[in-house]
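Please go over the structures that come below.
The following pair of complexes shares a single chain, chain A, combined with chain B in the former and chain C in the latter.
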Partner chain A sequence: MEDILLLAPEIILAVTALVVLVAGLYLKTEHKVALGFISVAGIIMAIALTMSIMLAKTSASMFYDTMVIDPLSQVFKLVFLSVALLVSIASVKYVSEDRNTEEFFALLLLAIIGMMVVSSSNDLITLFLGFELAGLATYALVGFEKKNIKVLEASMKYFIIGAVSSAFLLFGMSYVYGMTGTTNIPGIAANAHLLVDNPIGIVAIVMLIAGFGYKMSLVPFHMWAPDTYQGAPSVISALLAGASKKMGFIAAFKVIIVALIALNAEWQTIFAVLAVITMTLGNVVALSQDSVKRMLAYSSVAQAGYISMAFVVLTPTALAGGILYILSHAFMKAGAFIAVAIVGFMILVGNKDARDTDHIDNFRGLSKRMPITAFALMVFLLALAGIPATAGFVSKFVLFSSTIEAGLVWLAVIAILNSAISLFYYARVIKYMYFMPTEGGRITEPAPYAIAMILALVAVLVIGIWPEPFIYWASEAANVLLI
Partner chain B sequence: MNIGDFAFLIPLLPALAFVITLFFGKRLYSGGALIPIGAIGASFIISLLITINILQNPDQVIHQSVHWFAIFNLGILIDPLAAVMLTMVSFVSLLIHIYAIGYMEHDPAKPRYFAETSLFTAAMLGVVLSDNILQMFIFWELVGLCSYLLIGFWYQKPSAAAAAKKAFLTTRVGDVMFLAGIIILFASLFQAFHGEVPEGVYLLQFSEMFNHIDALAAMNATILGMEVSHLTIIALLFFGGAIGKSGQFPLHVWLPDAMEGPTTVSALIHAATMVTAGVYLVARTFPMFLSAPDALIIVAYLGGFTALFAATMGLVMNDIKRVLAYSTVSQLGYMVLGLGMGAVVGLEAIGVSMFHLINHAFFKALLFLCAGSVIHAIGTQDMRQMGGLLKAMPITAGTMLVASLALAGFGIPGTSIGTSGFFSKDAIIETAFVFGEYSHDWIPYIFAILAALLTSIYIFRLFFMTFTGKSRNNAKAHEAPSIMTVPLLILAVFSLVFGALTLKPFIAFMERTFDNNVISLNIEHLATLGNYDLVLEHGPEPLFILWLPVIVAVAGLLISYLLYYKQVIDVSKVVSRENPVYKLLYNRYYQHKIFTELLATRIVYELISLSADYFDRKFIDTIVDGIGKITMSAGNFMRKIQTGVVQNYVAAVVAGVGLLIILFRLIVEVI
Partner chain C sequence: MIGLEHYLILSAIIFSIGLYGLMTLNNGIRLMMCIELMLNAAIINLVAFSAYSHDITGQVFALFVIALAAAEAAIGLAIMLAIYRIRDDIELNEINILRW
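And now, the complex of A and B:
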């Protein structure tokens, strides 16, 4: 039974979720802020445990080979947990006056557990279960402000597309099982030729791509993302972009790279087309957005396109670059959404009934009103654009240079041109923050928001300036995929 | 715990002081002056202890390096050359900061002043202890930035703002050459490794550069039909950077204008430290110069010419700081000349040149601080309005006299009696003589001797005009407060005795720079690569040659004495607009007309910039704007796909699945 200890992080989170849920029943609304602290404490414990398992380089398989522990799973768990930490710290403020605080944190923790299960799963069934656990929890989280029509619309769209995609995913999985006779991922890899030889196999794989592509927000499965990211509360957008999206990537890494690597040559082209379309569409549409959250959503689509280049190149460096990019993007995007949440808070302080708090006009002269937020948001945006000394540069550098090394210069050129386009809309926000006049006085950031944002800022800069350990762990994780 | 482990604090402490002073200086005593002073004081102590350590074991140098991004590294290399330089920079900077408490007392922008000088010191220390040339270049640029900020410290004055801009742009010419040199160096080394750089090897580290000199020397490029070794190109481009920073002809024009900043800035940056960065760069990369054919000869000629050329202009300036500025240019010329002498004497050239650099830092900082004291007292920089200050300001006058004697190089050859300037300048002139003797090329020697005569004339002209005769000014002069005079006295002591105490050991110490646990070079082999015949032993020079520099110095003193003290002839008759020589000198050889009006305005601005601008606006911009417009309208079009109707989204998902299947079939067919 020693094995079960390796799942201690998940168990701690589950216990925390239950404690929060039950305790919330007995607490008055004004005391519910304690629930946030309990959740944060649980997440920190889970981070510590996950890290200790990772640093010990433990590898194990458990529950009849349906779950595995290896560097890959631990790295992704850390990504999810870090985003959960940022989001839950920020949420201490966001839900402070809500009487359903306990539901919020319990759902948040359950969503993270689902994602962690996906990253550990070694079987299509566990993978699907984790996928759905995270999905159901986030549907509810997106619709958390039940009285807000826009939020409900966002949640509804997210849910409907999610349901369709789950259907595709499950349908694809059933074909895979039908043809290979197993749901075990290494088992599928061993029987991959059965899939390749059968025309239905292609249908099955495309359905899997559609199912995962929905979470990864690859074009054309991305269409829910802008609406949902824009409509959802900013902290939840941070969770979706920072963590939920990455769950799609780890699932795709596991199934498509590990199991279906035999299909290599043809898939490269498919993914190349998907990557190019995704990054170009994301960047070009982001150019003309006036809602900052929507802009960030399209930027998130574009970033998914960059990360998908890892599927095309499929060298150890490229996968390491993709994983590093996922890690960096989690912090940059989560940080940016939290900064937007702070701006929303600022606008609401001035006018309780303000709508469209994330409109770019609200960012005018932010450097005067909230210098810390303005600076942090500037760093996040520059990082997203890939400016040196930030995490975004390092990950782009590793990923793009691996693309060039693999001889796919045309792909790298397209990606770099796309980065150049993206700088335009990122810089536009910076221009609004720093060079536009403003009305309204200085406002202090609420502490929970500020702490979460500064943690993300530190992470972005640390990865940017001292990338070696992160590159090392990304490579360790990538090696798992290619054995 | 080894003192070397604290080496990283040397630039870090002043950099931290910069941040603290900038943000909290207003609330602290004297604009936060004490924080930079404390930080630089600590840097000085660490530097001094390290120097003492290295003096005992010259082959155990300090080298620390952390790598960054697999191909670059951040590192510290403190060998004899760097150790001496660090100690000098931190020491002089410390004294000038203390002096500035008094000098800047009434300036409202004190926090900014102290923050910027502190950052400057940090950057300069960073230049000195870098272990790779890229890091050195970064600090080098930071030094340039600080100099820009400090020259334009009183930015409300249009002349100060213009001078700052001029300094920035002029040194930029050199910086671009330096950067080009680094790029060519990197590319050539990369080629030498055939593109496979082993783990843990950082191409731009000095040790790697020097270890691959043979490979670099073997690479040739054809420029204008001439076969030139890569090494020569790189060395000369580095020298281009040095020309800009160290104010050598023809990029010296910014230095006299830089006197628009506070006098303490002039002392710190434009006399003692920053301008020596160029000399330091050449000394640091000396092995490359030594193995590059012709490079050292060019260095020697340019240095000698600058020494003489600047001295002639120093003769006629009326602004006390401008005289000193031209003197700095001229003395830097000596240092560069000294380095060029490496063509014959090898590594001894570094010793000779660095020795003058250190001594010059003491007496030139002293000269500037004395000038500052005078300006502080009577509120003008024009020497025609000074005079008779000897009685009112005895300490300033006394220390100024010491500094002048040092600059002119007074001393008795063959003994250890003499000012520090005497020992160091004499060493350069004697080396130039050795150079002449062995290569039969006497031009550097002639430049050096003539410049020595002029140096003596202009500095005593300054002294007599300022301190003797009748007062030509109504201001009531008074001696500066002790916070200003104490640094003067300390510097005066160093100007008097440092040279006498350290001459031989200093030069021997410098020669050990390239022979230690990190860098160990075969100098004779390198000189063969550069086609230089080194003379390892040169005996005592003829008595006349030993005495000649002193004789010209005394002659200069006498001329000034007769002209400006006794006034045997009426100087104002010679000094008239009709006298063509005077006119030429006073107008500084019409450099302003040639460089600014003709070269910069007519050719670069009107001819090149404006036509490029036209091309850019009409042609390039249309293309760029066009691409932008197309992209934007594509974005506007594509956002319409996003209807917001969830049914359409589902349709897109289903269509996507269908299309992917078809696409996959197609690809399989094609492949």
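And now, the complex of A and C:
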């Protein structure tokens, strides 16, 4: 019975999803705004419960050792839940006049449950199930505007590449099961030498890296990410970049680090190459983008490169830095996409047939028309570039300094050079917003969007100014991995 | 006598057929059939390993995957149907608004 209580956050979310889905059948479209409030309430309850479990430092394993509760899983659950909170607050406005509101919120909650199951999983079966639950729900969410061919194209690309990568993942898992005789992750770690001594084991690990790399959008598995982030509704891009991508990281942390520690240094070289290619390609291609969402998508690819430096260094500080980076990236990127969503929404209010609402020309003189949005977007972009007093600086600092401590100076130098490149395209958007003339008067942002954006802004600044508790919990989480 | 390796070779061949089809075809439905082939190859692996090592876990995993593959097909068909309603075909190569 005690076990069930530890899963209370997931259960609450599942119940909320079902309540929202059923209640939507009986409500008129104009009353469906209440569904958004119900799901926000459910997510807040889940956050409170997850936090109380985390602060009590509970460690437990349940359901025949297929799920575990530890600081690592709780920290990641909080990341997913916070992104879900921001996205669902913003979506109250986005889906307010849609007659499919209930499906939107139910799918959103189910996606988050899938991610939480992944972060708790201790067995390949639960891990794969959570992965797919989150995947299936987000395929449908990306294609939510089903009359818009651009959205459908994004959804179709995401679905095809996602399904192929889960086939790769499953094929790799089947070999891992065959070689080690178990699907339990600690059991695999104990038998990791069986994987290394066998050519099939190597194939299996490569397939696992491909399967997880797709969710993490590491180059060369990133091709879906720019298309999907650009085409999807902006609030869903926030969910994908803020939460879904982090699911790839927690899964890779759980499976690959366990195997990597048992293996030798050669795999670290592979991850070093992947990290360098990912951050360089992401940053260089982002330079030439005219669509702000696509620019953010490439910057998200680049950030995945920074985070995967944690796989190369593999010291406790580096892993803590990676986890801290994941936490701050979730707020920075989700906030930036929500700010872009506001701009897009306001343009569509003015002109229903407007296309390419995320084109950089639409950000000209934004500081005059929407000062709050412009300021928040500026902070998010500066945080992504790693300017001090923001979350981006703290996490980059911890991650890069741990890389230098571990003697990988060349890797840190490449990462710092990349951050310098990235400042260029972030500054370009800021230049458009603050130093370009504009036409049109002052516009007030819709309240739900503004609340979500300001919450993200506060989180980014709090992590930047008072990072100690976040660093503490990130190191607690990292310790779980390295025992 | 049919050994474990026969099953593994069979599943590797099926997986490769699926992967080859994915790279060469551009009809949405055919792509989904290729994905299904790849998933089923993995299921053959799981069941073969499970049978030859007398461990039931692999078969449990296979059952879950069969259900997931069905759900995935449902979502995929829904997306293809939505595209078909707008464009009247599902030749995916011609859907290229989003690039670079």
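The working rule: the second predicted complex is superposed on the first by the 480 of 483 C-alpha atoms of A that agree within 3 Å, B and C clash if a C-alpha of one lies under 4 Å from a C-alpha of the other, contacts with A are read in each partner's own complex, and residues count from 1 in each chain.
Definition applied: contacts are C-beta pairs under 8 Å (C-beta built on N, C-alpha and C of every residue); 3 or more make two chains touch, one makes a residue touch a chain.
For clarity, every value in this text was computed on a predicted model and none was experimentally measured.
In the superposition on chain A, A:183 makes contact with chain C only, not with chain B. By the touch criterion stated above, A:13 is placed in contact with neither chain B nor chain C. Of the two partner chains, chain B and chain C are each touched by A:164. In the superposed model, A:147 makes contact with chain C only, not with chain B. Judged by the touch definition given at the top, the superposed model places A:124 against chain C, while chain B stays out of reach. Contacts of A:156 after superposition on the shared chain: both chain B and chain C are touched.
Judged by the touch definition given at the top, the superposed model places A:227 against both chain B and chain C. Residue overlap on chain A between its contacts with chain B in one complex and with chain C in the other: 156-157, 160, 164, 168, 226-227. Across the complex, chain C is touched by residues 124-125, 128-129, 132, 136, 139-140, 143, 146-147, 149-150, 152-157, 159-160, 163-164, 166-168, 170-171, 173-175, 177-178, 181-183, 226-227, 230-231 of chain A. The part of chain A that touches chain B in the complex is made up of residues 156-157, 160-161, 164-165, 168, 202-203, 206-207, 209-210, 213-214, 219-221, 223-224, 226-227, 265-266, 269-270, 273, 281, 284-289, 421, 424, 466-467. The touching residues of chain B, counted against chain A in their complex, run 68-69, 628, 631-632, 634-636, 638-639, 642, 644, 646, 648-650, 652-657, 659-661, 663-665, 667-668, 671.
Only residues 8, 11, 15, 18, 22, 28, 31-32, 35, 38-39, 41-43, 45-46, 48-49, 53, 55, 57-58, 60-61, 64-65, 68, 71-72, 75-76, 78-80, 82-83, 86-87, 92, 95-99 of chain C touch chain A when the two sit together in their complex.
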